[in-house]
Amino acid sequence: MIENPPVARLDGVSVRAGNVQILRDIDLTIDPGDALGVFGANGAGKTTILRVLATLQPTATGSVEVLGADATADERFTVRPRIGYIGHVPALYPELTLAENLGFFARSRGLDESVAASALADVGLAGAADRRADRCSHGMQRRAEFARILVSSPVFLLLDEPHSALDADAVDLVDAIVHRTVDQGGAAVLVSHDRARVRSLATRTVEIEGGILR
Amino acid sequence: MIENPPVARLDGVSVRAGNVQILRDIDLTIDPGDALGVFGANGAGKTTILRVLATLQPTATGSVEVLGADATADERFTVRPRIGYIGHVPALYPELTLAENLGFFARSRGLDESVAASALADVGLAGAADRRADRCSHGMQRRAEFARILVSSPVFLLLDEPHSALDADAVDLVDAIVHRTVDQGGAAVLVSHDRARVRSLATRTVEIEGGILR
Amino acid sequence: MIGFGSQAALIARRDILRERRSGEVLWVTLPFGAIALLLVPLAVGTDAPMLRQIGPGIFWVVVMLFGVFISIRQTSSETDAQRDQLALSGLDPAAVYFGRALASFLFLLGFQLVLGFVTVVLYDISLEGWLILPLTFVIVAAGLSLLGTLAAGIVATGQNAAALVPLLVAPLSIPLLIGATQALEALQLGRSSLTWVLMMIVTVIVLAIAGVLSAQPLQETR
Amino acid sequence: MIGFGSQAALIARRDILRERRSGEVLWVTLPFGAIALLLVPLAVGTDAPMLRQIGPGIFWVVVMLFGVFISIRQTSSETDAQRDQLALSGLDPAAVYFGRALASFLFLLGFQLVLGFVTVVLYDISLEGWLILPLTFVIVAAGLSLLGTLAAGIVATGQNAAALVPLLVAPLSIPLLIGATQALEALQLGRSSLTWVLMMIVTVIVLAIAGVLSAQPLQETR
Amino acid sequence: MTPREQTIERPTSVWPWITMGVAGTVTFIASMAVGPDAVQGQLSRIMYVHVPAAWLAYLAFFVTMAASAMYLWRKDLAWDRRAASSAEIGVVFTGLAIGLGMIWAKPTWGVWWTWDARLTLTAIMFFVYLGYLALRRTTTDLNARAKRSAILGVLAVVQVPLVHFSVVWWRTLHQPPTLLKPEPIDMDTSMLVTLGIAVVSFTVMYVAMMFKRIELARLEDEITEMQQTADVPIAGEAVTAPALERGA
């Protein structure tokens, strides 16, 4: 049996912005089945690493390979729909209802709007489907972001502080989503300050300090 | 000795928005020295209660008294500067540096800009004082919000998920701020999903469920 | 994956829905345009033949300015998080560009119709040769929405880039404006307006090509 | 607490600093205004005497429209969180209103100077009686910034109120516009422009009063 | 990371300078050799610089457009340098045409500047390309800069036909085309020949300037590149542990 190719590989990656260096010489390999916990102080570069893995962040040096595609080449466009990224800030359109937001997302993946409706029900927001996103509480908006993950079932999950703003029930939902993805041969990266919870969920953890991985 | 007047008292308060009821018949008294933990599911109304206590949220029924002032009367304007509120979303001006943001805040309280600089140093952001707020990481922005609290030393703290997005060092900062306020005869309300941490910090806790306090 | 056309339609539907909720074009931009048309006679003096002469020109200038504004506002209100998710969605950036432009195009057509009516009433314009107008309206709306959407994409890539906007808008809106004003005039003077229409069409094509070529690089910069 | 004047100055400084960083007025609005002035002759025809006649009027219309836009944009970009903190800051809402208007006023003065220069060059305007201009510029800038800031306050309170903006802008910008155009003309015709200047000053006072009275209710609604 | 030792070789080629000198001299001699114009007298000699300068500006902006398009297609920074170099030279030529035009306008029309479609549009063209150059100074990231300016470089070229045809569309003061037009040319042969010589010389000058400018641009890019790989502070080190309870 041949070995599975890695889900993502960073090789000597550094990122600069303005006149500061955010990441320095990052080497990192994420294999199928990995659930990687990333810890580190505020401003250390955790979000930036997630954006590099999402192929959204231009790098200064090094090579980035995600789901078999070179992230600096046009190939990245073909793998992006298989990446699920949740950032610090909800990406919903405030004037649209939750159903419309998710429906837009589902249709952009060529899926039916009913998929969106059932994903909303799965995260416990069926009753708020017709509420405008900007009239939903912060935690409800975060939940809707997770519904997006349920709609597209990505193989590579990139979650920035996934447990924040979620109540106890919803936290379990996150864990279930991570488990399911990893069990099906995908991978997940979890950035968090809640070490205890992420340690129990992750298969391994790394620490980032001043832009360097330890 | 006469008894201290309460820091805040809600009496039969209900809040409506559009055609839904967010809070129903809330009775709540917060005394000097109280550190009240507020728990509850996503969308239960926790943030709304904080905004009521901050005199920012119009109520449908009931009476709200904060720091001795009737929150529906013009008296509320005189007590507002003694309230410290941190919401879900940082309120910084993205184009201004952290120092400029805090400096603006300090001067609006009639304080010197040096107070702002030392508050930034206290939250560990002295090195990033001249960085634009929108180029700071999410946790750094949250820290800057706490620096605001250090600048004005409010007697009534209203913190919405204070521990989220903060690293281990910064989390202690929150606890220190709460302790200091409470010890000096002020009061704090902490909304959170992190029950363990807030239980250790709070003098008492309440649970909110579907807009009703239990 | 869904086809290019459905992708563009999806984006256009999203933008139309957002506008319907926020009502910005309807309640802020449209009334402003109408006020502009109303202010001109008050400002330059109510000399009827002169107003008749400058009316169409003023109409087109107002359409031009507000048109670009409408399309810029429509797009540049997007947050970074929304931009990230759109980039990950796998939608073709060129389809996104056309979808946005399509929504703005429809707003602009409506805008032109309302303001056109206002102009005719206020300036007592002769409508001789008006048959060319629907064609001109469509071409101008297309050109301005493509132009504004392109400019908005540039604004969204960061503050330094905002300086590009006037640089792009100035040279590219001029052919549209000249074409629009001259096409009707040529017809009224009994000459052919073909050259003008062609010039506008060429501008629209140039804009469409430019938008398609720049859509991906603009999405990837910030 | 700090005094009313210092509060307003603080807010104005904040807005000026934000503009300096974002460069929106400088890079987007100002060039747009200049383009507008340039497009008019191309659109209405290059008839020199006619241009000389309509030049000042067109200038004022452009100043009027963009002026209100500048002041609206300046304020309505505020987030809910920022609004909450401002309400808690204890700053007097009326001082906040004046501070914002002050920043817009300064932008507008600069805007008028640059566009005024462009107009004189392009339209070959006679500057006889120009001594009234500095006064007019200041009054118009004050009126428009107060008007735009008030309109922005209404827009920021939520979508339904936005429909009120045009109702406010139209009737209040017209006296300013008429006053500005007539004051110079009266002087050039050897008549007194006092009535016109007074009319503008009354409008400015009305706007200031309206702004002060509505500042607190607007801050508290959303 | 240790800072790397890097050096940049000095530009050495001198032949572009020689070519420019020769071409300039040829233009001067040719314009002096031809007899003065019947109507305009000595003033007409301005034409032999005014007109080629305007035409070479057109050419330069077309080259900018083509090179920008090539950059967008190939993503090769060399094309970006070509586009920028050509734009810079085009701006110089436009400025020359405007300056000489103004000098010419004062005695013939009695004013330095007037409302005229060609004059206005030429001025816009000048400012748009000045803006192009200014835009390039706002970013230090080479690829981002190249992308933005390439988009502008392609689109701005619509200015050229606008300037050229403006005299036809608005019949005003400025000379309508005498050469670049569908109808037969009616111009004195000696003047025509002189103009031809001037145009050829200007073209040679343009090519020589391009070589020199592109060489310079390459060196500038190398320096920028070096500055960008140099060591800079780590972003995260700006954040430290909070100092708890000060004084209290």
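First chain written, first letter: the chains are A, B, C, D and E, and each begins at residue 1.
Here, contacts are C-beta pairs under 8 Å (C-beta built on N, C-alpha and C of every residue); 3 or more make two chains touch, one makes a residue touch a chain.
It should be emphasised that the depicted structure is a prediction, and the values quoted were computed from it without experimental measurement.
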> Which chains are shared contacts of chain C and chain D?
Replying inline: E
>> According to the touch definition, list the chains common to the neighbour sets of chain C and chain E.
In response: A, D
>> Can you tell me which chain pair comes out on top for contact count?
In response: C-D
> Approximately how many whole Å separate the CA-defined centres of chain A and chain D?
Replying inline: 46
>> So the centre of each chain is just the mean of its C-alpha atoms; given that, what is the distance between chain B and chain D in Å?
In response: 37
>> Using Cα averages as centroids, what's the distance between chain B and chain E in whole Å?
In response: 58
> chain A to chain B: how many Å between their CA centres?
Replying inline: 30
> What residues in chain D touch two or more of the other chains?
Replying inline: 21-22, 38, 42, 45
>> Residues of chain B that contact two or more other chains, please.
In response: 88-89, 128, 140, 143, 169-170
> Of all residues in chain E, which are in touch with two or more distinct other chains?
Replying inline: 124, 237-239
> For this entry, which pairs of chains touch?
Replying inline: A-B, A-C, A-E, B-D, B-E, C-D, C-E, D-E
> Which bits of chain D are touching chain B when the two form their complex?
Replying inline: 1-2, 7, 10, 14, 17-18, 21-22, 79-82, 84-85, 87-91, 220
> Which residues of chain C touch chain E in the complex?
Replying inline: 150, 154, 157, 160-161, 163-164, 166-168, 170-172, 174-175, 178, 182, 203, 206-207, 210, 213-214, 217-218, 221
> Touching chain A in the complex: which residues of chain E?
Replying inline: 1, 228-229, 231-239
> chain B touches which residues of chain E in the complex?
Replying inline: 237-246, 248
> In their shared complex, at which residues does chain D touch chain C?
Replying inline: 21-24, 27-28, 31-32, 34-36, 38-40, 42-45, 50, 53-54, 56-58, 60-61, 64-65, 68-69, 72, 155, 159, 162-163, 165-166, 169-170, 173-174, 177-178, 181
